[in-house]
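Note sheet for the following structure.
So that you can tell them apart, the chains are marked A, B, C and D in the order they are listed, and the count of residues begins at 1 in each.
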C-alpha cells in the first residue's frame, strides 16, 4: 500500500516533466480549451483503498470512457442479444471511420468505437424518452462510483451536438441500414450526453472497480454484473478499448482499459485494482499520450500486466 | 493435477460428440484430406506436468501457429527494429486481405496475419539462404519443444508453394513498396516451410511453455526470452492471434493464443500452463471451430482467463 | 422525320412485350407504388420537331436526372470554381457509397452521384433560403423546357425527407469535413425537392435540348450556356451519368445521358436530338432497365452514337 | 488539310515553350532516362493524309496504349465472352490499385487498367506459348499500322520484368481467385512485352486509324473490326482510357483516347482522324501532361470533340 502511494507520486512527478504532451482534442470546442498541463491519477485497490496524485480530484469530460458504462447497462437490459446489434472485433480503423460500416451493412464492429456506442445508445432508448435514458445512465454511473455528485457537463453536451457532424453521419448511415430503432437526433442526444459526463480520476477509479473485482463492488458491497460478464467486458476493453491503438496499448501496458478524447483512461488490473488517469493531450490514435505512458509505468512497476507471471 | 486430467478427458469426450465440426481448409490440397474427426489436446503446466487426451500425439500441420515462433526468433535477431517492418494492431480484415496493405503503403498490420509473417520471414532471411533460414527455424522450434524429432512436412510445403497465389500476391505487393529485402520466391520459401511444420499437440504445448512461464522453459531450464518479451508476445497473441476472430476468442476464451488453418491452436495461461488443441474443421474466420470451443471449456472450468479474478 | 416516328413506335411496341422489367425503386415509398408497365419515349430534334410514343405525357419523378439541371445552374453561378467543391471523375462505386468520401476527405467524385449533387445544392443555397433556392431551380427547369406547368411533387419530396437517411449521412459526413456551408437539413431540403420534380418524357426532352444544340435552345431561341459548356456537361454525363453503370451505358448506347431512380433517362445526341425515356423498373446499378434498352435500340437504328462514323 | 498542318505546327511550338513538363515515370528504370523535352504529334485523317510535327518519328515505349491493341485482338478471338473475364466500368482508382480486385473477387474493372490488361493477356495465351502470343501481338500491331518495322524494345521488357512487382502482385492475386488460366510468369511475359512495343507517333496514328474509320483501315483497305466493335472500343477508351483521369480527359478533350506511362496518347476523332501525341512527363494520374494539353488544343481548334456540335 505504502508502495502504491509512492508509485503514483513518482508517476505524477515524471509526467509533470514531459514537454511533449500530445494534442488536445480540438473537434469539440469545449474540449479544446482544456489545459494540457493537467495530470491526475487514482488507483483504487479491490480492498477499497485509494492512492491518488496530481489532479485526481479535478473533473474532466470522460467522453468515450462512458462507453464501458453504457455497454454494461445495455448488457443488463438485453443480455447477449446486444451482439445482434454490434460486433466484438477490433475495427482496424479510426474511431470515427465509416468505411467498415458500409462494407458490413451498417453493423458496427464493437461497442467502443463511435458507431458501436451509438448502437448501444439506441438499445438504451427502448421504451424511453432521451431524457429518461440519459437519467438512467447518470444514475447507473453514480451507483457504480457510489457518488451522487456526478453530473453531465451540459456545455460539452451542447458543443458536441452542434459540431458532431461525423457522429450524425454515422447514426444516419446506420439508420439507412435499418440498424437504429430511434431517430438519429434522439440516439445522439443520449450519446452526446453520456460522453459529456464529468468525472474525476478518483470517481472514475471507483466506477471501474467492479471490473477489477469480479463484477462486485467491494466498496459498496453491491454486485453489478456476474463474474463472467466482468471478465468479458475486460476482454472487450483489451481488444477494442483504444480504437486503432488497442494492440499497442495491450503490448505496452497489458491491462484492459478504455480511453476517451477528453484525455482520460480507465484501466483494470483484475483482482488487483481499478486505475484512472487523465492527461488531456492525445496521441495520433486519439488516446491520451501521457495517460498511456503513466499506465505503462504503473504496469511495469507493479507487474500487474495480465500477460505476465 | 488429477482434476486437469479429468478435465481434458471430459473435453475430449464432449468434443467427440459434436457433429458440426467446421470446414477443413481446402485451399491447400494437402490439408483438405485431413479427417475432421481428429481431436487432440495437451496441457503442460509450468511445473512441467503433462495432461493429454485424444489425438495428442498425432502430427498435424501447425500452419500459422508457427508465426509465434518466427516472431520470437526475429525479435531475438533484430529486437524492436522489427516494428519498423510490421505493426502490432489487429487488422479488422481477413487473414489474407490485401486492401489494408495498399492503404498503409505495404506495411502489414501485425506479425500474425499472412503479410506480417511474410515480412518476418524476410527479416529471418537476412544474410542467409532460404534453406539456412528454414533450418534455423526448425532448430529453434526443436529447442523450444525440447524435441529433435520435429520436422517439416515437405508435401505440405510443396503443396502451398504450388497453390499459394494469394501469398505470392501479398509478397510481390509488399515488394512493390520496397518492404521486402529479398525476392518473393525466397521469402515465401521460408514462409511456406515454417507453415508446414508438423507437430503434435504434446509438442506444441511444450513449445509454448516459455510464454506461460515468463520467458523461461521450466522443462529444459533454458531462458528463451525476457519476462517482458514473453508478456508482449502474449499481448500480441491476444489482440491479433485469431485473425478477424481475435476479439471473439478473447471474449469467449480469455487466453492469448494463436491458431493455424491446419486446425491447431496454441494457447497460454500465464503462470499456469501452455495448452495445445487440434481439430481440423475451421469456423468462418479460419480458426479451429471445436479447438476454440475446447479452449473455452478449458478456461471456464479452470478459471484461467486472464480477464477474471 | 417520318422514320423517327416509326422508330419510336417500334421501340414502344418492343418494350411493351418485355416481361422482365427490372425492379421499381423501393427505398422511397412514393416511388415504390409506380406501375412498372409504364413506358414513354420522346425525341425532340434540334429543329424542334417532336416524336413521342407510349406514356410520353405521363409525369414521373425525374429524381437524379435533375442533377444535370442543378449542375448547369451552379456552373452559371460560380463557373469553374465549382470544381473546388466536387470532382469530375467516375466513382467506381454505388450511387450512394460513402467509402470514397472518407478516403478523399469528403470531396465527392462528380456532380452526378448523390454526394456530388448535395455539394451542388449547397452551392445553390449561397445567399438564399432553401425555399428560394428551390424556386430558382423550378424556374430554371421551366425555362429550359419552356413549360411553366412543371412542378415539384411534394409527396415525393416529403417521402424522401422522411426516409433519406443515407443522404443525411452523406451530407453530415461532408459537413464533418467542412465541405458544406449550410446545415445538412437545408441542403437536403433543396436536394430532395429538386429530385422530386415531376416531368413527362416530352418535357424532359425539351429541357435537354440545349445540350444537343450547342448550348442554345432552338425551340425558344434562348442561349442557356456556351457551346463549350454544353460539350463539357455532355462529357460529364457520358462518364458519370449512370453511376457505376456509366461504362456499360457508353458501351451499349454511346450517348451522353443521365438516369434517375424514378426510371427516367435523358440522353443527348449532339447536333441531332434530345431524347427522354421512362420505364420505372431498374437494373442492378439503379438505372432504368428498359429505358437503357430503348436507348440502345434508338442509337443502333439511328447511328447517333458519338463513338461511330 | 493545310489548316491541320498549321495546327500541329502551332501546337508543337506552344508545347515547346512549356517549362512545367510533368514527371517522367521512374518506376521502370528504362523509362526514367527519357528526355522530357521530347514532343511529337501525328494526325492521320480518314482519307489517309498525315500531318506531323516535332519528334513524330522518334520511337518511344507505348506502354499501356498497347492495351487497345490487345483488347481488339482478344475480342477478335473470343468475342463478348471476354466480358466474363473483365468488366467495362471506370475503376475510380489508380491504374495499379488492388483494392477493388479484392472487393470484386478478382475480376478487373476494365481492360485498360493493369489488372484488366493482364486478364486480356491471359486470354491471348490460350493454346500458345508466351513467345507465340507476343509474336501474334507484334504481327497484329504491324498489320494495323501497316508497318513491319515495329518491334518490341527488349531492354524495356526486361526492365519491367525485373521491377514490375506490383504487376506480379496483381496477377498472383487474380490467380488466387481462379481468374487466370496460365502461370503469372507467362501472363506477365506477354504483358510486359506488349507494353514494351516501341513506336513513333506516326506509326501510332496509323495503328489507331481503324477506330476513326468505322473499323476499316482506309490506308490499307483492310477491315479490322466491325463498325459496331470500333464504336464500342472507342466508348471504352472514353470512359476508361486514362485511368483515374478519364473523366477529366473527356471533360477537357472530349475524344476517346488511351494513354501510356511512356508519355504517349493515342486519340480518335470518329469519322475524322487518328491522333498520336508524345510527351514523356506525366501528370498525377499517370497520363502525359503536355500530351493531354496538346490534344485539348487540337480538339478546341478542330471542333472534333464528340460531345459538341
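The working rule: a contact is a pair of C-beta atoms (placed from the backbone, for glycine too) under 8 Å apart; a residue touches a chain by one contact, two chains touch by 3 or more.
Just so it is clear, the structure is predicted and the values come from calculations on it, not from any experiment.
Trainee: With one step meaning two chains touch, work out the least steps from chain B to chain C.
Mentor: 2
Trainee: Both chain C and chain D are touched by which chains?
Mentor: none
Trainee: Where the CA atoms of chain B average out and where those of chain D average out, how many Å apart are those spots?
Mentor: The separation of the two C-alpha centroids amounts to 47 Å.
Trainee: When the C-alpha atoms of chain A and chain D are each averaged to a single point, how far apart are the two points in Å?
Mentor: 55
Trainee: Cα centroid separation between chain A and chain B, in whole Å?
Mentor: Between these chains, centre-to-centre, one finds 32 Å.
Trainee: If I count partner chains per residue in chain D, which residues reach a count of at least 2?
Mentor: Those would be 103.
Trainee: In their complex, what parts of chain C are in touch with chain D?
Mentor: 46, 87-93, 100, 109-110, 212-214, 227-228, 230-232, 234-236, 238-240, 244-248, 250-251, 254, 256, 270-271, 305-309
Trainee: For the complex, give me every residue of chain A touching chain C.
Mentor: Per the stated touch rule, the residues are 97-99, 101-103, 165-166, 168-173, 175-176, 184.
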